[in-house]
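Below are two complexes that have subunit A in common, paired first with subunit B and then with subunit C.
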Partner chain A sequence: MPIHEKSLIRPENLQVHEKLEVEGVDVSGHWSTFIESRVVTDYNEAMEDEIAALPGGEYIHRCWQCGSCTNSCTVHALNPDFNPRYWIYLIRMGMESELLRDKEIIWQCVSCNKCTYACPRDVVPEGVMKATSHWLELKGHTPKSHSMIFDEIFSEQVFKTGKIEDGRTVRRFFKRTGQALRQPWLEEMVKRLLRNLPIGMLTRMGMANFITPKTKGWSGARDAIEEYVAEQESHHRQALRLDDLVEAARKEL
Partner chain B sequence: MSEKREKYKEVAYYPGCALEGSGHAYNRSTKALGKKLGLKLKEVENWNCCGAMEVKNIDPKIQTYLSSRVMSIAANKMNMDVVMAPCNGCYHNLKKAEYDLANDQKSVDVVDKISKKAGHETYKSGQVETIHALDWVKETIGEEGLKERVKNSLDGVKIANYYGCMYTRPRHIFPEKDAGAGSESTSKPHFMDDLLEAAGAENVDFPLKTACCGGAHTLSDCDTSTKLVANILQAAEAAGAEVIATECPTCHSGLEMHQIRAEKTMGLKTSVKIIYFTQLLGMALGLKPKAVGLHENISDSFDFVKTKGLA
Partner chain C sequence: MAKPILIVGGGPAGLAAAHSLATFGQACILVDKEDRLGGAPILEGYAKLVPSGEWAKDAIGGMVDRVAEHELVDVRKETKVTEFSGEAGDFTAVLSSGDSVGVSAAILCTGFSHFDSANKPEWGFGTFPDVVTTSQVEQMISSGQGVRCPSDGRKPQRVAILLCVGSRDRQIGREWCSKICCTVSANMAMEIREELPDCHVYIYYMDIRTYGLYETKYYWKSQEEFKVKYIKARIAEVTSDGEKLIVKGEDTLVKRPITIPFDLVVHAIGMDPNVDNPDISAIFGVDLETHGYIDKASSYSATGLTNKNGVFVAGAAIGPETIDDSIAQGKAAAMAVLEQRQLAARLVS
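Right after this comes the complex of A and B.
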């Protein structure tokens, strides 16, 4: 049977016979494309519940697979493999290994909320994307994404001081992700920025590197936030049975 | 309308972190515009970060708390009933916190617990109304008022109005939008268009008003952001725009940064200028380019504003 929409099927699941004759009719090449039949045996039945236990994943059960999220998605328009509707399907079915094939791109959701706007079931697919990337990291399927590292550096500073100084956040991000701060386009940007700034302002900006902006009397808020975050982290570990995972790994060793 | 006109004349001003750093031009121009229009801004005392786009990914309820603290100070310490946030991120987060605190008991409990430990009064939904800088100018001065005050008309300036994501999405946190005549639209926002047109500008038909600039990953996934920004810049130029007017520091610096990056890494050169709407309105009202912080933008629009008779 000819399959015209081959782009919808993974290449490794397509079978094409260069030379094939069926009952005297030549069906070589294009006319003999088949889809490999598959048998799925490794369902992870806990996957939906685990992702639903992480912030953002709460409403995944509401999805009725209409596809509006994928249709409106900013990243899907750049990369057709970025497919929120499909991932929600896989998660709800427990098809973990299938989901893992896309593990390197799920974190790329830019939180534009076009999907949330379009979703007729209030699934908040944006949240599901965040919960899923978080799940992949917690389970050790992917290393921390650059996006997560940025979120952590940013949040650490807010929790500690109440405020953000963007220059500092940027420098720390480049350091922690092992990237050189001297990238040609960044240098060009700084050059263009400096062109019009008066000397007085430059000194002020230079000073800003030494004085961290702070909210006064923040220590109470800091402690309360850190306590809450620690509490939540332990809930998540429990929900994902991470301690069992660690224990199992230890026994195997 | 007239009720809001009076109410918004004196507001609690929440600049947020970006306006003290990379978005300082927006801060300067917003204050200068307010002064020129006789509107009072009382900065929220000892404010903190709203959580921006990052804290929610660590924990959404902490973001709700951070935003609620800002509103609590405005309401309980300063006795204000309106908070004006020019940054889309801040505006969005305060609105989101307001929505969650009105509709979700768990959020109320977490915020109450942290507020008590932090030693301040818990914010209760309904104590303040959060508005954007666009609402502020639109409701107090409006198109008619602007027309009367224009000194240097934006006549002959072709503008693509860019609103980004956080000003309209998700719809449910902005109950006052899509509410009939006079209200803002979430699918085709027009408040900025209206104001700039009143100042004489020619708005082009721009299809990517609410497209995403990739601001959330501007550094952590540069290539995606550059592609998204390149789309926006090219679409604006194709629509005939000379300027993209912005109303968010993250969008603004994202467009500026990735305009340069698109040139360096993709060989895509675009010449459309990127200017805050507050800078454009300020110049139209007779403020000098430096008074609205044009020198603090990364992209250089000095020659451009001169040829348009704005300097």
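Right after this comes the complex of A and C.
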């Protein structure tokens, strides 16, 4: 019998006997297919601590699996596989391989915080989702998400100048995410801006693209922010033992 | 002078009853089959008690001392009652020492028996030395030795506590909930994490019954402050791969079979009816309820009544009870005895 949704089954769990006869009936080939059950054979005890070390993940250990977050979740309503309650459990118990199976959907959280208001234990599931996406990226399980790239471009600019310039942000975002700058919706937006905004404002916006205005006396603030960010990043690298991972990978090469 | 009251069993319930009666000038005879008073908390060497956090040997030890020192309490250790005859106000009890005593009433405070984990062989107790009971872990803590694997004395890095061992299990004829083991286990998990911060503790449960105020102090605290992990699964089997214990079951929240290695597996054993109950029932003429505990009448007219006039009951003898409730019941039964004496005296005059 052919198996539907074969893509959901891990190849190593599929067993097919080339030649098999059961009670006189030939069940060779796909007739003898069976699926081994997926057994969890160990807990990765570091996982909960690692995610708790990232911003937003601090309260994950409070969860008692009531399901209020999943029930209230915006994305869950559209995709039943999007289940914060379940992922929190996998993380807490350290079922890493099970979590990684869902790495392609975890980042889809839209940060609406409905879950945060529903949670009776103040877990702040929205934060946990953010920390989990971050963890998946830092560990190299998923590429940087677009929203992460956007945040980075945004922050880079603010750190540097104390100001944010929309045109530059958009251009860099499209470049770094490998998207064409000529998006029909964007062209339409620019057209309408040109048509409707007062000329003085348009001129200022246009100039900002060339002269990069700065907030006065920003360098002190910039240094402080950059120091703080570097501190946090090194703290996260340490918590996730990223340098050990890199070292181990290097040795293997 | 009124005849003494017989109290059978010197655990928390019996000690509380004896102290109350003696305080009101009522002489009592306190018999216990063991060579020490104090009941389960002392005999089994419990560590810190729930919910006071006081060491059992101090808290219950204090109760023992004030009773043992009281001139109106006649303590008979290593003694059982072998015969009991007469009627309310005028009973005769024959003791295993051969003595015969006249008493006006009796309070049965004979408590419970610990479930013997050997009756659940699939969970490895008796087969693997590192499968132990909550009583044993209590002793490891109270003796000051600390929580260690009995096989080689090493500090465990991962501990599983299996709840409802010998409770809520129709297979072995025990349908009751032992009431206190969830809370005791949550407390124990915190004690283990405190002593061994690198040791992870997992509690395998069917339901968590840390009822009332225990919710905050034990269930929430164990997770929020001590990061104890709760897994909804009834373990099917505990085996060994020669090095570690292997706990097998189904994690029902992920619908996935699990086979997880552990260093130490703890059975949260339940409270069985006292193994002496059939004898006690025959000697004192009291009924047992369906599970085998002593049957208590309703409480509306007086507390601790049995079907037999003049024989009262208190504590874990009537079903799984906490220490605080056993003490309250012991005092309530003492009060019921005094009330009855007062009523009788008024009828006579």
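We adopt the following convention: the second predicted complex is superposed on the first by the 192 of 253 C-alpha atoms of A that agree within 3 Å, B and C clash if a C-alpha of one lies under 4 Å from a C-alpha of the other, contacts with A are read in each partner's own complex, and residues count from 1 in each chain.
The rule is simple: a contact is a pair of C-beta atoms (placed from the backbone, for glycine too) under 8 Å apart; a residue touches a chain by one contact, two chains touch by 3 or more.
All of these numbers come straight from a predicted model, not from anything done at the bench.
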| item | value |
| --- | --- |
| Which superposed partner A:61 touches (first subunit B, second subunit C, both, neither) | second |
| Partner chain in contact with A:98 - subunit B first, subunit C second, else both or neither | second |
| Subunit B versus subunit C as contact partner of A:185, first or second or both or neither | first |
| Partner chain in contact with A:146 - subunit B first, subunit C second, else both or neither | first |
| Subunit B versus subunit C as contact partner of A:42, first or second or both or neither | second |
| Partner chain(s) touched by A:246 [first = subunit B, second = subunit C, both, neither] | neither |
| First (subunit B), second (subunit C), both or neither touched by A:223 | first |
| Subunit B versus subunit C, judged by how many residues of subunit A each one touches | B |
| On subunit A, the residue positions that both subunit B and subunit C contact, one per complex | none |
| Subunit A residues touching subunit C - in the complex, by the definition given at the top | 37-43, 45, 48, 61-62, 64-65, 86, 89-90, 92-93, 95, 98 |
| Residues of subunit A defined as touching subunit B within the complex | 55-56, 74-75, 78, 108, 110-114, 116-117, 124, 130, 134, 145-152, 154-155, 158-159, 162-167, 170, 173, 177, 184-185, 188-189, 192-193, 195-198, 201, 208, 213, 215-218, 220-221, 223-225, 227-229, 232 |
| Complex contacts: residues of subunit C adjacent to subunit A | 158, 200, 202, 220, 223-224, 227, 229-232, 251, 253-254, 256-261 |
| Footprint of subunit A on subunit B - complex, ascending | 17-18, 20-22, 46-49, 51-62, 65-66, 69, 110, 113-114, 117-119, 165, 168-171, 186, 211-212, 214-217, 219-221, 224-225, 227-228, 256-257, 260-261, 264-265, 294-300, 302 |
